[in-house]
């Protein structure tokens, strides 16, 4: 059984308060307003495949750490671009993890995996070379059962709403199937236009052609491109989307007038170059902010990853396999154009994320605590560990308070880990709030209300649709 | 009554040590060597106005957080530039704060306000919509009494010296009145020349004309400008000033020779441009360091705020209403010109502040621990919260020790909060030192001496006048 | 006697776990894979000089802090470049330290010195003006005894291997003498080529001439220069070197082709300029990475110090006397050229250090956790204090785990402080791991294995020679 005091502070009195606070949050429904679960999982509701394909192969947190210790990606079953064979025996891959399990000590990946085994799969044996096979067999057995199909788990996890993320050119067929099925689980999409916005992303032109076909717009012109983008936003909104998501190298924004933007677009359509590409991305962030004020989609910005930094991994295995590295962040100057124009406009909800935790106290908390349109997103990626979550609260709360944070986001593609990630976040918040209580900075009643806000009410409010927002009169939306 | 263990660490033994240490500091007189209290408060000694005008309207920490949650500045009574009417009913403003009080949970503003109500006004009812009126009435009643006039509070607060901050063109009439009155409270001014140094500050030319009139110098020439600035320094020094203060966008310094500086000044007088303006500000920091070596005024540098970032707030309400946002800081290269020339010169006392806490361990502690002329200022603005104060000690002490820090500065315009801000700083230092004691890194006797240094002796020494410094033979000035 | 709980967390249960963990590490042999002890100390094995010359004068951590408080370097006995007389009376220097001892409260220098007095010299009297002479006398008496000669201490300290650091043009005579002597202590050199790589270092040309003489290569040509550098690497390797060390202003790397590099070298040989110099240093880091893949020397990179920032100290006393200041670090872009080419190559072991702790979570842990060739070095210089060591673990472990860190490095020139520095690091790791255990994040057995890895097995493995590495089959080298 999971240690009931997991992640709580050592001091007995603080621990006692943390227990009390966690009890207020642990059974609240899960709002997962941003993540990367494949919607076909839930649309098809087929049984999951082998344990390694579920828990190891697609999780770049796990594969990158093994790779950093000299394990070949081939041996981990990561698909090669050239189609050459890689390990497909799930048991062999699972054993490889077990062999290197000590590498994961004190990492969030280990914490999540152990909690997932224990709480989702009721497997409590510690992983080791000696136990790997037995655990693998137990997992495989569970996964074959109906109670472990995606929709059954979704319900068991207490997920109130789950947002997936789709490219602008996705046909949203999975979400259409989900809607047609009459299943009660709420799965919505998120509009992620990066691959039609970033001229440096291989295949941009081809995708723009596709975008034109989907929308009937002439994407050879900037005017047609904008209309096509707006049309896709509308389609996503109709499919339940509450937000957009933008994964740019930097947070830079820029307003170009229509003529300038048209010329820039035409140049890029002919032949992209890095400088024009950065200008175009910056301008499009401005346009997306404008669109958000009009259609009410929450705008999420995830800047700061240098994509495909590991040239070897990119060449052999492609994108999103663990080869991205963060760079220093800058928001104060980068966002000024957007904020000068829309910062005071409460129709905009701009949720800012970072890979550079120095920006929490220096830029993001001041921006979130200074503009009605800005919200501070949850710690992301390299920062979503217990210590990262704690440092986020310590760095941001003084200046932004709680109400200017957007609520926890699991941002995961690992469906089975969703409840444990939320549990970890709720435990860390309980620990943080308990310290405030014991240090006399917050009353116990206020803290209890706050933990429920952080776990449930804030994400529910901040990722509400425009219609829901217009109805809501207070921080806590009526249930 | 205030929790006697407020802000102390949860562990019982550490908490006990924190209590012992705090007892050594809590009743020491207050040295407030830098802040923004209006000197006319004390010169006139009139009763304060309504509670909202005292505690809410002028406090941009409070108004910005309410504004970030969608409250109109008009409704908070913040004066508009266009003179249009805003809320003037203090009670209505006070109720608005009470309504949004949950937004302030865990922020320093809430801590200061609760402590101020409790310790200054003997009001212990928690603020809520239900109690707002009663608290407002109690406050209004207290504020009408003689015991709550500024001078009475000054004495009750145990303030040994309070520095206000005035523009170079201020006539210092308030300080003249204070001196003429024969009142025993020591209120001194601080020379803040930003608005005659920054060519990008609207109205620069007009203020330079005024500077010329005040000093009889020809401020159309650089030579006359320098002489006028020096004349104002002399006047400030005569009025008791111990320091200057410089609030530049960056810490950049630069030495120009007289001919270059004259040409630059002439160009700027004709038509300022951003590049020349930054060069001029950098050069003037160099000149101010030189002047400080000659006239003994401590030089304070507060760089890193992007002023008027919120265009809406600036346009409608003007400066200093919560629309400034920090940017990344850099000191190592920026200060090199000044330190190459004056870094070894012990007549200079350069106190460095920052809005970017990454610079504490990386640049500021090494500079303060490496130059006899450099001192590390207290955590400033967004960083003066309990967690900010703690992180400052943890980041800076290893490299700078305590003796190279300048001592606590409240930097506030909220007169009534001065004792509680000093109390909070003393409590956080007690908590930090207690941990060192319990971890075996510092003896209890040393810790007791240190907390008194931090609270009283260091600021007293570091902001001493040249005359006092020349007399002092040790860290602890003779009383 | 040293507090057995020194540096352990206050909470009793966590403290108990820390004690248990520390017991697993405290008696492990010392691996000191990088430092600046003078090899002649051990080659000659003469008794140390007076206590001040041993413990104060050469320690720039100590002298800079005294200097920052207004103490003259002359009075501290620091040698002047102009040969003018400075204080040579060790007792007078020692008294000066005692007089200013309060300045060192809570600094690592004080901790190390007190521990050194207690554990190495069995002196337990607290230092003060009153006890300075008695302590000085006791030290002088000890130092005269055979048991306090360098080799005797080396053995008593339990040092398994000690790496010194020599310039590329060093003749390695000390190491030759050590090898010839038949003494069992293992003292190896480290190849530090900065003074023949950095064209901005005064005397570069002269040293290149010397390099040519030593190797028989024509260092007027780039080809000859490269060959000479490789020849010196070979000589260092033959003398036991396991690693190289590079102390560049930035981490910038760059690949030039042979023709470009030749032209650049020729230009620099004629007349260095800052831009060419930075390009050349960047290119040479690339070349050193290539060489490391071939000869197996571990490559250490120490970027980010602005050398000789204090112009006064540099002019009067020369290099390495406390006048260096850190600047902001950047690795993600800077290292990309090297990592694109060699990042996937497991023959390379690149150990990265930093003076900018913001890079731990943002760049260095992702790089170490994402490339098989990259390891994260121990906290360095301004960051090697108890709080710095703790923050390093908290910032880096989530993303890099433990296995991608290189192990503790004392990096000291203070021979007598080596065991206490390792003790401090082991205690801080025990405290960190104990928290993980009590918070339920790591089992006690795993934690016990981990602390032994951090203290001994990791540095042993990561700084192993190529031959040793080829034999090793697991994290733990066979003993």
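Chains: A, B and C, in written order; residue numbering restarts at 1 for each.
Please note the rule applied: a contact is a pair of C-beta atoms (placed from the backbone, for glycine too) under 8 Å apart; a residue touches a chain by one contact, two chains touch by 3 or more.
This is a predicted model, so every value here is computed, not measured.
I'd like the angle of the rotation relating subunit B and subunit C after CA superposition, in degrees, nearest 5.
120
Same residues or different residues where subunit A meets subunit B? The copies count as same if more than half of the interface numbers are shared.
At the contact between subunit A and subunit B, which are copies of one sequence, the residues are largely different (under half shared).
Please report how many Å separate the Cα centroid of subunit A from that of subunit B, as a whole number.
40
Which subunit B residues sit where two or more other chains touch them?
Subunit B, residues with two or more chain partners: 9, 11, 328, 358.
Along subunit C, where are the residues that touch subunit B in the complex?
Against subunit B, subunit C makes touches at 3, 5-11, 64-65, 67-70, 102-108, 111, 126, 306, 309-313, 322-323, 325-328, 355-358, 382-383, 385-388, 391.
Under the definition above, what is the set of subunit A residues touching subunit B in their complex?
Within the complex, subunit A touches subunit B at residues 9, 11, 13-14, 328, 330, 332-333, 336, 339-340, 343-344, 346, 358, 361-363, 365-372, 374, 394-395, 397-404, 435-436, 438-443, 446, 449-450, 475.
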